[in-house]
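Structures follow.
In the two complexes below, chain A is the common chain; its partner is chain B in one and chain C in the other.
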Partner chain A sequence: METKEIRLNGLKDDELLKISRDNVLSLSVVEMRVVQKYFEDLGRDPTDAELETIAQTWSEHCKHKTLTGVIEYTETADSAERIADSNGRNKDFESNYTLNAIRYTPNKKGKCVKRKIYNNLLKETIFEATRKLNKPWCISVFKDNAGVIEFDDENGIAFKVETHNHPSALEPYGGAATGIGGVIRDILGVGLGAKPLANTDVFCFGDPHLDWKKLPEGMLHPKRIAKGVVSGVRDYGNRMGIPTVNGAVWFDDGFVSNPLVYCGTMGIIPREKAFKKVEPGDLVLVVGGRTGRDGIHGATFSSTKLDQETDVSAVQIGNPIVEKKMMDTLLRARDKGFYRAVTDCGAGGLSSAVGELGEETGVKVNLEKVPLKYEGLKPWEIWLSEAQERMVLAVPPENRDKISKVFESENVEATFIGEFTDDKKLTVMYNREIVAELDMEFLHGGVPKVSNAAEWRVTEEKKVKVQNKSDYTKDLESLLGSLNICSREWIIRQYDHEVQGHTVVKPMQGPDIVNQGPGDAAVIWPYTAEASGKGQGSSNYKGITLSCGLNPEYGKIDAYWMAASAIDEAIRNAVCVGADPEKIALLDNFCWGNPYKKEILGSLVRAAEACHDMALKYGAPFISGKDSLHNEYAVGNRHYSIPGTLLISAIGIVNDIRKTVTMCLKKPGNLVYVIGMTRNELGGSQFLKLGKKTGGVVPKVYPETAFRQMKALSRAISSGLVEACHDCSEGGLAVALAEMAFAGNRGAEIDLSRVPSQEKMSDAEMLFSESNSRFIVEVSAENSAEFEKTMTAGADMAVIGRVASKREITVKGSKGRRVIKGSNDAFRKSWKRTLAW
Partner chain B sequence: MLYVVEIKNKKGFPDKHGEHVKHEARELGVKGIESVSYRPVYSFEGGLADTDIEQIARKILSDPVTEEYLINPEKQKGLIEIEVWLKSGVTDTVAASVAKAVNDIGIQGTPVIKTGQKYFFKGKINQAQAEQIAVKLLYNPMIQKHGVR
Partner chain C sequence: MNPRAIVLRTAGTNCDYETKKAFELAGAEADRVHVNRLISDEIDLSAYQIMAFPGGFSYGDDIASGKILANEIKYKLGDQIREFARAGKPIIGICNGFQVLVKMGILPDELEFSQTTTLTYNDSDRFEARWVNLTTSQISNFRSQIKNKANCIWTKDLPGVIQLPVAHGEGKFVTADRSVMQKLEANGQVVLRYVDAKGRPALKYPQNPNGSANSIAGICNRQGNVFGLMPHPERYVFKYQHPSRLRWDREGDFGWGLAMFKNALNFV
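Right, the complex of A and B next:
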């Protein structure tokens, strides 16, 4: 007997829990009782494979139990009240719109300002916004491996971002490589398969200069993790022939033991291929890599309990060559219409891939047919293995031989292992022995709802006093060299961001290889090949933008505004290159600490609420997402959670790629505009971080004004009125200006007194405040009248200076004195030096 | 028969990887190292003749313009050597590619192939420091084993 029964019948709670723990099932007592009852009703005990399948299907990773469970959320404050208007001056907020802004009023001690029960947080915030927006251009949202929106009459575009945090902490190279490999398969597994066009990568690491003595026992040094992760993404992405075009890197000591590795892939898919449907009688086909013990129990394993040999099983090793061949053949089989459904083997391996495809019908598989890397695997191990580069297809019997030939042609292993049935049951066989037999309804719908408490304590945001200086040149130089602002060139240049030949706007921008700055968003023109084939150029100049927003520093003050800022940042980055702000879709990736701590879950609830509010205000639906909770580590009895980190990725459309703009300054004499209001919002800023100060007033988002200005700016860009455009984010106005100048090898003369601001602010506050929704725009003198007309009346904008031919940046302060004067070379050097590994 | 093939850069071609390791060892606090040279290593066990391994090293494993190969080299005197190999059972995709290439150039044998790395340290460095460099910078006990000599 290869399969053993595990007795649950008659066991008490502590015994059930022991079984869950001993087998690394991660099932709670309540869940174990539900399982016990199910098998009691069947009159038998479960097999090891059945328990493993249930544990996998009900895991946090697959079912998002916390975020779809019940959350009892409260907001309390020493003294505060919720109002629709955050500061009494802002006309943005309509009265019927309860934005989560809070006004501080004295003498209401200990007041609970909000109490709300969420029965399903994801459904009631993020999905709800998408449902309310009901955009006709959304093709497939939240139900497949990726979200799909309309590109043009023929094609849709699919986008997905995944995290691979824990594996990357254990083995940075392999963890990151399989992260990118996995998300590529998500794109291959959406609908009937999309063709990957571009990858994105976002990393959060500990300080790479961390003193070795401060490194927790058993952890790899942040610099080693960073190098390993970058090489992993590089090798897998480059070998797949997919350009890596957009990303971000964030450094914070909170990520020393829990680095975050987000990997994204965008692909194009013919609209009629965007859906899948399994029919009873279809055959189950496994294609790609062989099955070994890789990644069994994924991140939940405990290495101390495993012996020498199985110890390696927790780590997944990627093989991009296998995946590349699988990708090429799969897309060929798709175009011939040889299969009816496809999905990838991710977490849970075959168990979740086969289980998902057979959810509506039922399925029966024979595990002895699965090709193995080596002998000796138990049936449940074959069933649960997370070996990479595998996908599962539903093939109509009449296409059996035809599809086999396609895969054979590139030496891709393809093996039929069973068929889809109509009995709504999951039946797993091994050499005629039944290994598992479960009702689909129980497997997918039987998980009991969990209930968690969440709390948010409102505190007053107080302005942090910064010392006035007469000169900020050195501050700007230090900021440019600081970890969260400095050049990512060392990473970007290891990636092939040009392969496939369709990257129109690239991650590094400037006139030559030396003079370069950080682009805001990437633009992909998917019809490049088609256009060059015709010789005349295609008439379809539509392009796709990819951008992102992330700032965990803001979340330390208020997760609501962190999320709102990330959404604004992702959208404004897309607008910078010329995307249409009315057709942008978003992805959410929540990486949080221990959700059983109510203040941690509370901040997550606030972030989710902001996602809902901002998505509605910007008309930008969420189309897919993923969460990774429990990012926590223990040193002795102390537990450390990561700072709650929300990554927002945006996919947008540019109607004409010939009209896109970059961020580098172009021509001396041109006017420099700032769009958007500068506010006294230094909270969470890199400037305060540099001065080792915390707290402060975190940047807010005023979505109505912001969205109106974004629409106008997009019109101006598509009318060809804009020479360069860059957003103000980390480091504020000063950093954005410096980046534009040294990227373009041009100078700039700026006058701070002209910058529109909400209140009287010091020079430091004007220069370094990170207020959202701001752009710096270069416009030629002859276009300025037309530009201003396009931006329409009421925009918070002003000419703040000119592009200069002398390669230096000079800024005049509010009192008319010069507060910054420095050469491009000095600024660029500082910006490039920090991560020049 | 066990063959070990080491690949080293020819004179005049900088050893970037070795320089990185030297730099990082210094950050770790081991300051007396004069130079580090890095070599990828391959081992082949069984099924090959001397002429086969010569061909494999020349045609598959080394770049004739920038690199040279050494078959079963002696330990270099006066240098501390760290070697890192994948644990058995860990998927070795590079070895799988080499195995395929070996057959592609017409060699029939099916040797057991493993891949690893060697680092040679010159200068002031003792066994304990080398051990520290290995653990902290060069190998990951999750998937690799190492040796210092």
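Right, the complex of A and C next:
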């Protein structure tokens, strides 16, 4: 007997919990009781496979229980005004923010408290914004493996970003490689399968120069993690022939014990292939890699904290060529219309892939038919294994032989393992033996709602005093070399960012092919996209932008503004290269610590609220997302949680790639404009971080003004009035200017006194404040009148200087004295040096 | 009828779509064909006038880049391919395809058909993607000028210096011994070299992105119809693919990479 029964009948809570823990089920007592009851009613005990299937299906990783559960949110402050402030309602703001609905009442201790109950946080914030926006160009949102929006009359584009944090902490190379492998399969598994066009990657690491003595017991050193992760993404992404075109890297001590690895893939799909439907009688076909013992318990282990005892066998082993073959053949079979549905084997392996496809119908599979890497797997291991490069298809019986031939012709293994039924049951057999028999309704709908408390304490943001200096050249140099600003060229060039030939705006930009600067967003022009039906040809100049925004430093002050800033950053990056700001869709990826700690969950609630508010203001719907909680590492009694980190990825449309713009300065004599108001917002800035200062006033977002100016700027760009455009983000105005200058091999003469600012600010504040929604734009003298007209009167905009032929940057301060003077070479050198591994 | 080009692919090939597109833009009819279909005789090679081995990671570049596919072709399709080359039909191997051609031994000499050169790990010891300057002029960098004897049909009439992207981890060109290199140079088979911004053969990284001997980026056979190169001409068929906007001012839509494909078409 290969399948065991596990006795639950009559067990007490502590015994139930022990079973959950011993088998890495990550199920709570409440959930175990529900399972116990279900089997009591059936009059039997569960098998190992049944218990494992339930645990995988109900895991945080798959079900997002915390964010879709009940959250009791409390916000406390000294006064009602302060709470109002925390929602960002100042004079620039309009009043239709959702949090208004909440009452503020002083409690006994004289503190002001507001409460809100969420029955399903995701549904009430992020999904809600998408629902309210109801954009006609959204094709498929939040229900499939990726979100799909309209590209042109024939094609949609699908985009998904996943995290692979826990595996990458244990085994950086393999964890990151299978992270990218997994998200590529999400794209292959959306609708009837999209053809991948580009990858993105975003990493958060600890300081790579960390002293070994400070490394928590059992952890790998951040530099080793960073190198392993980069190599993993490189070797998988490059071999798949998908260009990695956009990303970000963030360094913070909070990620020493728990790095974050976000992998994204964007693909193109014929619109009529964007949906799937399984019919009873369809056959279950597994294609791709064989099943082994790797990656067992991946979903459940990523739903709990890590410690030294965590089993590395939970990490999968990747083989990109197997996936490449599978992709090639799958898309051929798709174009021939040989199957009715497809999904990938991700977390939970066959159990979740087969279970999801059969959710509406019922399904019966025979595990002895599944091809194995080696003998000796127990039935539940075959069922749960997260071995990579596998996908499951629903094939109408009449196509059985035809589809087999397609896979066979390119040496891809494809095996029929069962069929979809109409009994709404999941039946798993091994030879004649029943391994599992569960009601779909219980499996997918039986998980009890969890309830968690969340709290946010509003504190006053106080300006941090910075010492006045007469010269900031050295500060700018140090900032350019600081970890969160310095060049990522070492990483970018290891990725083939131009395979497929579509990358018309590249991650590194500038005329000198050796010395380039950092682009804001990538633009993909899918002119060969043949698997999408008809080839685009050269008559169609439509393109796709990929960009992102992330800044955990702001979240240390207020997660609301971190999220709002990330959204603004992702959108403004897209606008910089020429995207239409009225057709941008967003993806959210929440990576947070232990959600059972109410202040941690509280900051997540605030971030979700900001997503809702900003999505509405920018008219940018969320189309897909993913959360990864429990990013925590335990050494004895010490628990290290990561700083709450929200990655916003944006996908946009460029109507004509010939009108795209890069960030490098072009021609001496041209005018340099700044768009957007500079405010005294040094809180969370890299400048303060460099001075080892914390706190301060975090950058806010003023979406009405910002969006209006973005739309105007976009019109100017598409009218060909803009020579170069770069956004101000980490390091503020000064860093953005330096990057534009050394990327273009041009100098710049800038006068700070002309920069529009809301209040009187010191030179340091003007140079390094990270106020959102700002752009630096180069415009030729002959286009300047037209440009200003396009931007319309009243924009927060000014000419702040000129492009110079001498390759140096000079900045005059508010008092007319020079505060920065340095050569491009010197600035570039410090920018390039830090990560030149 | 337009000339027909076959773009050969296998597991891990990944530049096949854009290579096919490049031939189409140049005026050919092009097919992506899996190597299994040639081996099984399902496809007849003689129906094609041009053949391309595109870039990628054939069979994962296990053992060494391009090695497995090179052996597969040499031992299962060797006669057909050699016949194709001898008949003077254009063959191009790009990046992984170049690696396949040299490991199969059809470059530098299809008559010898044995491996005398290789493309090995970059001096930087890592995969790198970047644009490079290249010259097609037949100037030997280390000795006197040597006249163009090879007459490579693929690089005809290109400007003195062009830019193309490279993306590889194993692109350092070396020869088995000095005599092989001397022969290559003497025969004028070195038809593409990495150069610096001033057009001089690039000795230093990153202008010479991989440390190739004699700055070699591409070679052809003595007949001039079989051409292998590490850079990717198929990624610069439109001027919009060039990283510098200064190059976008050219007339028309096209980039210099396309000229190579057009050369092959003009030849047949």
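Criterion: the second predicted complex is superposed on the first by the 785 of 837 C-alpha atoms of A that agree within 3 Å, B and C clash if a C-alpha of one lies under 4 Å from a C-alpha of the other, contacts with A are read in each partner's own complex, and residues count from 1 in each chain.
Throughout what follows, a residue touches a chain if its C-beta (ideal position, glycine included) is under 8 Å from a C-beta of that chain, and two chains touch if they have at least 3 such contacts.
Please read all numbers here as calculations on a predicted model, not as lab measurements.
Trainee: So which one touches more of the residues on chain A, chain B or chain C?
Mentor: C
Trainee: Looking at the overlay, does A:Leu170 come into contact with chain B only (first), chain C only (second), both, or neither?
Mentor: The answer is first: A:Leu170 touches chain B but not chain C.
Trainee: A:Tyr618 in the overlay: touching chain B, chain C, both, or neither? Say first, second, both or neither.
Mentor: neither
Trainee: With both complexes superposed on chain A, which partner does A:Trp383 reach: first (chain B), second (chain C), both or neither?
Mentor: Neither: A:Trp383 stays clear of chain B and chain C.
Trainee: Is A:Ile321 touching the first partner chain B, the second partner chain C, both, or neither of them?
Mentor: Both chain B and chain C are touched by A:Ile321.
Trainee: Go through the superposed model and pick first if A:Phe255 touches only chain B, second if only chain C, both, or neither.
Mentor: It touches nothing on chain B or chain C.
Trainee: Please indicate which partner A:Phe442 is in contact with in the superposed arrangement: first for chain B, second for chain C, both, or neither.
Mentor: neither
Trainee: By the touch definition above, which chain A residues appear in both interfaces, chain B in one complex and chain C in the other?
Mentor: 319, 321
Trainee: Could you list, by residue number, the parts of chain A that touch chain C in their complex?
Mentor: 234, 238-241, 319-321, 324-325, 328, 409-411, 492-501, 503-504, 506, 508-514, 516, 525, 527-528, 530-531, 535, 538, 657-658, 662, 666
Trainee: Show me the residue ranges of chain B that touch chain A in the complex, using the header's touch definition.
Mentor: 20, 24, 27-29, 87, 89-93, 96-97, 136-137, 140, 142-143
Trainee: Would you pull the chain A residues touching chain B in the complex into a rising list?
Mentor: Touch list, chain A to chain B: 170-171, 174, 212, 220-221, 223-224, 292-294, 303, 309, 311-315, 317-319, 321, 373, 837.
Trainee: Which residues, counting only chain C, touch chain A once they are in their complex?
Mentor: 11-15, 17-18, 20-21, 25, 34, 36-37, 55-57, 59-61, 126-133, 163, 165, 167, 197, 206-207, 232, 234-235, 237-238, 240-241, 243-246, 248, 253
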